[in-house]
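Letters A, B, C and D mark the chains in the order given here, with residues in each chain numbered from 1 onward.
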Amino acid sequence: MARALKVESRPGRYGSFGGQFVAPVLLPVLDRLEAGFRSAWSDPAFHTELTHLLNRFVGRPTPLFDIPAFPSWSGGARIVLKRDDLTFNGGNYANSAVGQCLLARRMGLSAVVTDTGSGQNGIATAAVAARFGMRCTIYMGARDAAAQPQACKKMRLFGAKLEIVEDADRALSSATSAAIRHWMGNSDTDAYVAGAPIGPHPYPEMVAAFQQVIGKETRLQLVEGGVLPSAVLSAVGGGSSTIGLFSSFVSDPSIRLIAVEAAGSGEAGAPNSARLSQGRRGIFHGAETLVLADAEGQILAANSIAPGLAYPGSAPQLADLVSRGRVETMTATDAEAQRAVRRLAETEGVLICLEAGHALAAAEHVARTMEPHEAVVVMTPSSGDKDIDILWQDS
Amino acid sequence: MAKSAPKRINRIDAMFERLRNENRKAFVTFTVASDPSFDESLERLKTFAASGIDLIEIGHPFSDPILDGATIQKANRRALAAGGNLRRTLDLCRAFRETDDRTPLILMGYSNPVITMGYEGFAEAAAEAGIDGLIAADFPLREADDLVKALAKHGLYMIPLAAPTLEARDFAVEKPGIGGFLYCIPVVGPTGGPSASKEVIAQAVERCRRQSSLPIMVGFGVKTPELAADVAKVADGVIVATALIDRFLEFKREQPTDAVFHLHVADTIKSYRDAIDLATLG
Amino acid sequence: MARALKVESRPGRYGSFGGQFVAPVLLPVLDRLEAGFRSAWSDPAFHTELTHLLNRFVGRPTPLFDIPAFPSWSGGARIVLKRDDLTFNGGNYANSAVGQCLLARRMGLSAVVTDTGSGQNGIATAAVAARFGMRCTIYMGARDAAAQPQACKKMRLFGAKLEIVEDADRALSSATSAAIRHWMGNSDTDAYVAGAPIGPHPYPEMVAAFQQVIGKETRLQLVEGGVLPSAVLSAVGGGSSTIGLFSSFVSDPSIRLIAVEAAGSGEAGAPNSARLSQGRRGIFHGAETLVLADAEGQILAANSIAPGLAYPGSAPQLADLVSRGRVETMTATDAEAQRAVRRLAETEGVLICLEAGHALAAAEHVARTMEPHEAVVVMTPSSGDKDIDILWQDS
Amino acid sequence: MAKSAPKRINRIDAMFERLRNENRKAFVTFTVASDPSFDESLERLKTFAASGIDLIEIGHPFSDPILDGATIQKANRRALAAGGNLRRTLDLCRAFRETDDRTPLILMGYSNPVITMGYEGFAEAAAEAGIDGLIAADFPLREADDLVKALAKHGLYMIPLAAPTLEARDFAVEKPGIGGFLYCIPVVGPTGGPSASKEVIAQAVERCRRQSSLPIMVGFGVKTPELAADVAKVADGVIVATALIDRFLEFKREQPTDAVFHLHVADTIKSYRDAIDLATLG
């Protein structure tokens, strides 16, 4: 069941994407992790505990929500939100943090290490590690840490050791680098927790497996309501919520799957985050995938008003699904996303993050062309609380 | 610009042949191309070769050198700022070859610029630029079939990396296009990390010898002439990167003239060279 | 079913507590509200819509959660958290905001007005009003507003008109006063939304009715798990979550109901918030109830590290239940509450608010004296995110 | 301190009897006891009575005057700061009674100090202090059975409040202990709010007259001598609170001597008094 999204050409590959482009020293670690994951995933006791934790710790299932007052037109398909912002600590990172920490404990590891940009992945991992009594080290760029003092304190309240990284861009990329290096030096005790289905095999497959709960819940909730959606949209950052949501619809060819990418300012030539639609094949963060890079193979800085979308790489499964034409791509600009988030707040009393605002802006275009009996699902991976200062500027 | 004709015998093999005859061990260093500029990089390569370096690893600059420690990350950034990239790195090697056709040059770095150029295109251009091998930080052999084929076609080697925890199937692979030497990393961790003890290094080399018939060179964490000498006693060569880069940066901070700086560089290299030779020739 | 907690001596009374101590001009407004509420509450269509909104908008049911690693002892009853922090916008205010706005719309009103201290009630009300397309005016003291800039922006994003009150204490009490005066002048169009089961009849009964969903869910969830709790604890601020949780257990005499009050610093004579255990009978904010007042009948400032508990009045139902001996009281100090919150974060990866920390600290004492097969429920009305700066002070 | 013996006839009834005979209307104001101090409060009561006020509403200070506008909220805070409370307010009335046994005094305020003293204890103490009635801002008649009984026992009146939207059962209640006059509030809203037009006021008074046989006084929002005069034409009396308090505060800001200040107060009162008398006697 973890293999729903896998069309393997060779082990660890999704079509021609994926693989294990890491320092060789990590290969045995990845091999152990893959074996550990396969063993856990085929063990009913592991699933029982995972489900219990998702329900009683993370706070699943998360609701579906109608937003009848949102569309600026009348007629057209209705838009339904999948509200993963309503989990503990507010986001879908918890799904895979729980899975990975549970797996690490099962493999006899005593600690976890991860990296965090906005703090969301760090908070989720720190909380789960606390719950499991595991040591937790989190790397965060100094610039990100300065921008998110509350997130830093929260990780520390959960007992995590927060390492502030002064290197390089002092942001997520240096934090990732530092976390990987920590892991390379401590792989006998520490598991690296990935925030997204990126990186070397088995991470993409494993994170996708733990995030599938989003899609399963959504499908069940829709079927209970007597509908199957005509389109499912999600904004793509690392891709965890996108893969998680798409997983339950990918084998149903009548359902459009739309990955929405950040177009940044939308001006021609300005930096954006549209690597699925405009990126090149490359090797980045451990996998062959679609990346934002220049003609020399240097990685380009991604740009978006939504920090969670500004990532230059992509999940190899998504790269494959896009290459095969199963997943469409759309883009939304900073301004379109902001407008969508503001209008949703005003008309429905729901504040979603700017990341989800991109998907919502795209969904409005898609839904408008459909029939009123149809439904379109939009993923809302986390709350807009973190974006309030961007969304409302006191003059 | 004179083009060097493709060689029959790879310069790395030639080097080990020669060193074996002289009963000496290889001394290798690493520098990032275009750090701090194309011209100074070229000068350094020449100084290295002139002061006792047997083989040079040339880092081609990359925007996200995720597996490296702070020293080499910063070197990458300086090089990028100076216009460095894979193509300019090939230019640098080509320029070096105008005056030195003997010292083996090995490209070292991350895979994205390589895949972007295309394996075949890359291998052809690298051979044409006088490069002899490739060490890819994030390109394990199990992923490298297509790349290795292209390298073999153009007479280059992919240098396998061996770590203590690595299984033989991941480094002791015999195949055209894989060769030159075995890069033995005795410690787990990023570049610039802690040193291993000489006992640990000896064990790591011993293990490599059991699995592979290639010459064994040891890198990562070699920080003093003394440790280099100890390594040379058990291995076929020793690689010093971070320690030398840090040392050269320190010199630079005193704002020496070019001539004085290069004297310093030469002296430092020689202090390692002498320690190695003393330990192994004696 | 709204009457579970009502032991009426005369209309609008709970024992000798309650009543309608308001400016007479509000009496017809309250009478209309009472009639509107009775009609709505006996209308199945109203309940259907309310339940739909609680599930698909507020995000109910909220999970129960075990915290096996928390207790500092071994043996004793297990402690279970009711996690109302996992609703939209993070708290149980949403339960009654949805109910009251739905009722207001049913009564033909076009606007709502409320007051807010920490911003929680304001955010919940603003969100619901946005969803219903109702105008929303929110009064907030200038001091509170300055301390909660994010909350202010969030209410404005939901389209609410936020009125900053510079009067008097520039905090909740002046905001309440301003909101009541706004309501007195606009009662033909505006409904006043109460954040707690306080104020004149029918507010206590009505808010309690809308909060009962907490208790019902909890009882059902426990019964599904095969347990009935030995004790149910909740920290008392306005009393909305306390009444909401207790409602489903009050008629079961074998279950101890414990209202936990804030003891402040705990020093004798220092200000606290223990009006149920140490207050006087008085008339405050529209009802006869137990209040913190001096011998002359002047209201005393309440004090607690948890802003939500620092209220000098009390819900009349609670005053009655305490007077009749059905509800016990306990107190916890600022320090005890902080310790409990910190330890829970470290051992379980759950960050609850300082308000709930009081109940948790008390629960530990209670659970310790019980048998391992017993269970104790602790209400967690909202997330600890708002308290991070108090809980973690960088040195 | 001379104690005034309990009266058979309530001073409020006596006042209306007298005014009716004189064909005049009552002019009433409101002041918070101990604002800004006990002594000055006492002086003001005397000045009020001396310059034409027929009846004085005395606010007993409360910590949470939730139903009032900013002016009266602040007056409450000043009074509390000066040590004011219900007991001191009774002291103030008792002191006033030493020199004035005619002007009716009505306590006005919030219920918590009253319930804290106990209804019976309060009624007894208030009667003993020379108080004639009570207006409770937050104590509607439907809640006041016990309080009204205690007031009746001691010869005091609870003054009913009537608003346009209020049903008759909530103000037109005939019962011992309810009486004095009907306080007609023509606008909905807190004290210090906007004024009603004279037509609206006339309608409100008309409605009160249909429901109750008590004299009708109009308060809330009367802000000028002109409006006071218009009100007096239709009602039995007019109450001016916020407008006068604001006016007196303004005087104070100029830091006058006590004598000058009290002259100002007297003049202001007289300007209303004259306007009322001119409109109603003419």
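Throughout what follows, a contact is a pair of C-beta atoms (placed from the backbone, for glycine too) under 8 Å apart; a residue touches a chain by one contact, two chains touch by 3 or more.
What you see is a predicted model; the values in this text were computed from it and never measured.
Touch-path distance (fewest steps) from chain B to chain D is 3. When you average the Cα atoms of each chain and compare centres, the chain farthest from chain A turns out to be D. Averaged C-alpha coordinates put the centre of chain A at 68 Å from the centre of chain D. Per-chain Cα centroids separate chain A from chain B by 38 Å. Judged by the touch criterion defined above, the protein chains link up one after another in an open path, with no loop closing it. All chain pairs that touch, listed by label, are A-B, A-C, C-D. The part of chain C that touches chain A in the complex is made up of residues 55-57, 59, 62-66, 69, 83, 85-90, 126-131, 133, 150, 153-154, 156-159, 342, 345-351, 384-385, 388-389, 391-392, 394. Within the complex, the chain C residues that touch chain D are 19-25, 27-29, 167-168, 173, 176-177, 180-181, 184-185, 187, 280-286, 288, 291, 293, 295-299.
Touching chain C in their complex are the following residues of chain D: 62-70, 73, 77, 80, 85-87, 110-117, 137-143, 160-163, 165-167, 170-171, 185, 188-190, 193.
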